[in-house]
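Read through the structures below before going on.
Two complexes are shown next, each including subunit A; its partner changes from subunit B in the first to subunit C in the second.
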Partner chain A sequence: MSKLLEIALGLVTGIGGFLEAGSLSTSAQAGAAFGFQLVWPIVLGTVCIAFLVEMGGRLAAVSRHTLPDAMRERFGVRFFSVVLVAVVLVSFLVLASEIGGISLALQLATGIRFQWWAPVVALAVWLLLWAHNFGLVEKGASLLGLVTLVFVVAAFRLHVPVNELGAHALPSLPQHDGARYWFMAVSIIGASVSPYLFYFYSAGAIEDEWDESYLGVNRVIAGIGMGFGGGIAVAVLAGAAMVFHSRGIQIDRYEQIPLLLAEPLGRWGFILFVASLGIACFGAALEIALQIAYLVAQGFGWKWGENLKPSEAARFTLVYTIAILLAGLLIFTGIDPLKLTIFSMALTALSLPITVVPLLILMNDPQYVGEHGNHWIANAAVLFISIVACIVAVVAIPLQLLGGS
Partner chain B sequence: MELGHAVLDQQVRDRKGELMGKVDGIVLELRGSKAPRVARLVIGGGTAARRIHPRFADWLLGWRRRWGPKDDQPVEIPWSQVLKIGIDVKVDLDAERTSAWAWEAWVRDHIIGRIPGA
Partner chain C sequence: MVPSLCSEPALIVQVRRLRSLATVLPISLLLLAACGGSAKEQARKLHQTEESWKATTRLTTELWKQGAIPAEYARQTLEAAAQGLAEARASAAKLSQ
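What follows is the complex of A and B.
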C-alpha cells in the first residue's frame, strides 16, 4: 500500500476514532458546568496521547515487538501481570461505557430504554469480531466516524468566540465547585489518554509489518490525527458552553446532550447527534474489545490476529467474548451510563503511571528502539501529564464520591 | 546464565513460526565448579504463576487439575533444540506435537468450536 494512502487512512482513523463515549460526555459536561474553562485538560490529554500513540507505533516499527510482548520480556511476568490487570480493568470499564453510549443512542432513536438495547448491542459488536473481517469493519467505522465533525460545524454555527476559547488552553483555578472542577479535569485527561488507543495502534503496526521506513508516516498520523481528534473534543466543549453553560444548565443525563446539536442545527442536529454517538461508540467498542484480547494473548504468547478464524485462535476469541458479555451485562443492570463513563475516565487517569511509565522505559532502552529512542521533551511531557493527572485523581475521586453527584 | 536471563519471558515460536507461548521458566544445570548452564526452557502457566507468587501457583494448579485438558503439562524444551534467539526464541519443534496448545485445543473443542460459524 502506498504510504500516502496509509497516512490518509491513519488520519481518518485518528480523527474519526478520537471521539467516543468518554471524550464526548466529559467534554460536554465540562462545557456545561464551567464554560470554556476546561479546554486545557483536552489540550494536555491530546498532547499526551499523540506522544504515546507515536511511541507505540515507533516501538512496533523499530523493535518488531508488540507492546505487551516487549513489556513482559523487559519487566518479567510479575510486573507485567500488574500492568495487565490495570489495563484490562480500565479497558473493560471503557468498553462498558461505549456499549452504554451505543445503547443510549438507540434509546434516543427509538424511545426504548437503553438497558434493553445492551444485549443487542453486545451481540452486534461480538458478531462483527466473530466474522473476523475486522479490518474492513474498523476502516468503515472510522470513515463513518467523520460524522463527528458535525460538532465542529455546530461550534461555528453557535459563533463560539475563538479568542476566549484559546485563552483557556492554559490552566486556571476554578471560581466555584473546586472538587467538581478537578474531578472533571482528570476525567477529561483520562478520556483522551485511554491506554487502549496506543496498545491497539501498536498491535496494528505489527500486523501491517511496519519497519523503520514508517517512522515518518507514524509521526504524521499520531500528531495530526490525534490533534484533529482533540479539536473535535474542544468543539464539543465549546458547543456545550454556548448551549448549556450560558443558561446555567448542568448535564447529568445523556438525554440532555443532543440539544448541543439540536439548537444550532435543528431536527438534523438531533439525528446527527444520535448517529455520532452511536457510530463513535461502536467503532471504539470494536477496538477496545479486540485490544483486551490482543493484550492477554500477546502477554501469554497465544495465537492472535484479527484475521484468524475463531477456531484458529480459540483463547483469543474467548477473551473478547467474555469481555463483551460482561460489559453488556453491566449496562443491562441499568447502571447510569453517563456516571459509569465519567467514573471510568477518572479511573483511567488514576492508572496512568502504571500504564504509561513502562512504555516510557522501553522507549528509552536502546535494546528495543536502538537510536530511535525518545526525545527528552516526549519523556518529560508524558511523565509530567500522567503523574499530575494521577495525583489530582487521587484527591478528586474520593471528594467526588463523598460529594455524591 | 546471562543468556538464560535474556530469554526468560520471550516469545517462543516453533519451526513453522507458530506462536507456542512464552519462556515461563528455565532449568539450569549445575556443573560443580563450572558456571551453571541452561538445560531446558519451560513453557507453562503454572511455572509463570510460581514466579508471580507460589500461593497463586498452587491455587491455579489446583483449579486446573479439576477443570481443563488432561495433558496439561508444562512443555520442556532442551537447549539443543533452540534454533535462534532474536526477537523471538525459535525452537526446532512442532507446536502441535507438544502440549503447548493443550489449552488452545481444549477451549476450541469445549467452548468456541461449539458456537456456530467458528
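What follows is the complex of A and C.
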C-alpha cells in the first residue's frame, strides 16, 4: 500500500476514531456547565495523546516490540502486573461505557430501555471481532466514525464565536462550582488520553508490520489525526455551550445531549446524533475489547492477533470474550451510563502516571528506540500533563463523590 | 548498562517543578471545595438543577412542535426531565427540614 494511502487511512482513523462516549459526554457536560471555559483540557489532552500515539507507533516501528512486551521485558513481571491491572481495569470501565453509549443510541432510536440492548450490543461487538480481521475493524469503524464531523457543522450553524472559544485554549480558574470544574477538567483529559488509544495504535503498527520507514507516516497520523479529532471534541463543547449553557441547562442524563444537534440541524440533527453516538461508541468498543486482549496476551507471551483465526489464538480470543461479556453485564444491571462514563474518564486521568511513565522510560531507552529516542519537549509535555491530571483527580474525585454528583 | 529516564536533566527539573505543584494544587482545591459545601450552596445547586430540567422541558417541547425531534424521543426526554425535577424537589424539601 502506498505511503500516501496509509497516511489518508491513518488520518481517517484518527479523526473518525477520536470521538467516543467519554469525549462526547465530557465535552457536552463541560460546555453546558461552564460555557467555553473548559476548552483547555481538550487542548492539553489532545497534545498529550498526540505525543503518546506517536511514541507508541515509533516504539513498534523501531523496536518491533509491542508495548506490553517491551514493558514486561524492561521492568520485569512484577511491575508489569501493576500496569496490566491498572490499564485493564480502566479499559474495562471504558468498554462498559462504550457499550452503554451504543445501547443508549438504540434506546433513543427505539424507546426500548438501554439495559435491554446491552446483551444484543455485546453480542454484536463480539461477533464482529470473532468473524473479521483487524483491517476491517479498524478502518471500517473509523470511516463510519467520520459522521461525527456533524458536530463541526453544527458549531458553524450555531455561529460559535471563534475568538472567544480560542481565548479559553489556555487554562483559567473557575468562576463558580470549583470542585465540579476541576472534576470535569480531569474527566476531559482522561477521555482524551485513554490508554487504549496508544496501546491499540501500537499493536496495530505491529499487526501492519511497520518498520523505520513508517516513522514519518506515524508522525503525520498522530499529529494531524489526533489534532482534528480534538477539534471535533471542541466542536461538541462549543455546541453544548451555545445550546445548553445559554439556556441554563446542565447535562444530567444522556437523553438531553441529542438536543445539541436537533436545535441547529432539526430532524437530521437528531438522526445524525444517534448515528454518531452509536457508531463512535461501537468503533471504540471494538478497539478497547481488542486492546484488553492484546495487553493480556502480549504481556503473558501468548499467541495473539486479530488477523488469526480464533482457534489459532484461543486465549487471546477468550480474553476479549470475557471482557465484552462482563462489560455487557454491567450495563445490563441498569447502571447510569453517563455517570459510569464520567467516572471512568476521571479514573483514567488518575491512572495516567502508571500507564504513561513506563512508556516514557522505554522511549528514552536506546536499547528499544536506538537513535529515535524522545525529544525533551515530548517527555516534559506528557509527564507534566499526566502528573497534573493525576493530582487534580486525587482531589477532585472524592470531592465530587462527597458532593453527590 | 541501560540508561534510565532519570538520567535526563530536563526531566529531573520537570519532576522537581511537579513536586512543588503537587503540594500546592491539592491544598488550593480542598480550600476551594470547603468554601462550597454549605447548606446554602447545596440549596443553590438544587435550584439550578430544577431550573435546568425546566429549561430542558421547554426546549424539548419547542423542538417537538417544530418537528425537529421524533415524538418517541421527546417522550423519553420529558420523562427524564420529570424524574429529574421530582428528585431535585425531594432533595430540596429534605434540605429545608
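Following the convention adopted for this analysis, the second predicted complex is superposed on the first by the 402 of 405 C-alpha atoms of A that agree within 3 Å, B and C clash if a C-alpha of one lies under 4 Å from a C-alpha of the other, contacts with A are read in each partner's own complex, and residues count from 1 in each chain.
Throughout what follows, contacts are C-beta pairs under 8 Å (C-beta built on N, C-alpha and C of every residue); 3 or more make two chains touch, one makes a residue touch a chain.
Because the structure is predicted, anything quoted here is derived from the model rather than measured.
Legend: residue contacts after superposition of the two complexes on their common chain; A:D177 is shown touching subunit C, with no touch to subunit B. Contact with subunit C, but none with subunit B, is seen for A:I361 once the two complexes are overlaid on the shared chain. In the superposed pair of complexes, A:A169 makes contact with neither subunit B nor subunit C. Looking at the shared chain after the overlay, A:Q107 reaches subunit C, while subunit B stays out of its contact range.
Looking at the shared chain after the overlay, A:A8 reaches neither subunit B nor subunit C. Of the two partner chains placed around the shared chain by superposition, subunit C is the only one that A:F384 touches, whereas subunit B remains out of contact. Residue contacts after overlaying the shared chain place A:I249 against subunit C, while subunit B stays out of touching range. Counting the residues of subunit A touched by each of subunit B and subunit C gives the higher count for C. Touch criterion met: A:G269 reaches subunit C, while subunit B stays clear of it. For subunit A in complex with subunit B, the touching residues are 63-65, 69, 72-73, 76-78, 80-81, 130-131, 300-304, 309-311, 314-315, 317-318, 321. Of all the residues in subunit A, the ones that touch subunit C in their complex are 107-108, 110-111, 174, 177-179, 182, 243, 247-250, 252-253, 255-256, 258-259, 262-263, 266-267, 269-270, 357, 360-361, 364-367, 376, 379-380, 383-384, 387-388, 391-392, 394-396, 399, 402-403. In the complex of the two chains, the subunit C residues touching subunit A come out as 2-5, 8, 10-11, 14-15, 18, 21-22, 25-26, 29-30, 32-33, 35-37, 45, 48-49, 51-53, 55-56, 58-60, 63, 66-70, 72-73, 75-77, 80, 84. In the complex of the two chains, the subunit B residues touching subunit A come out as 8-12, 18-22, 24, 43, 45, 48, 51-52, 87, 103-105, 107-108, 111-113, 115, 117-118.
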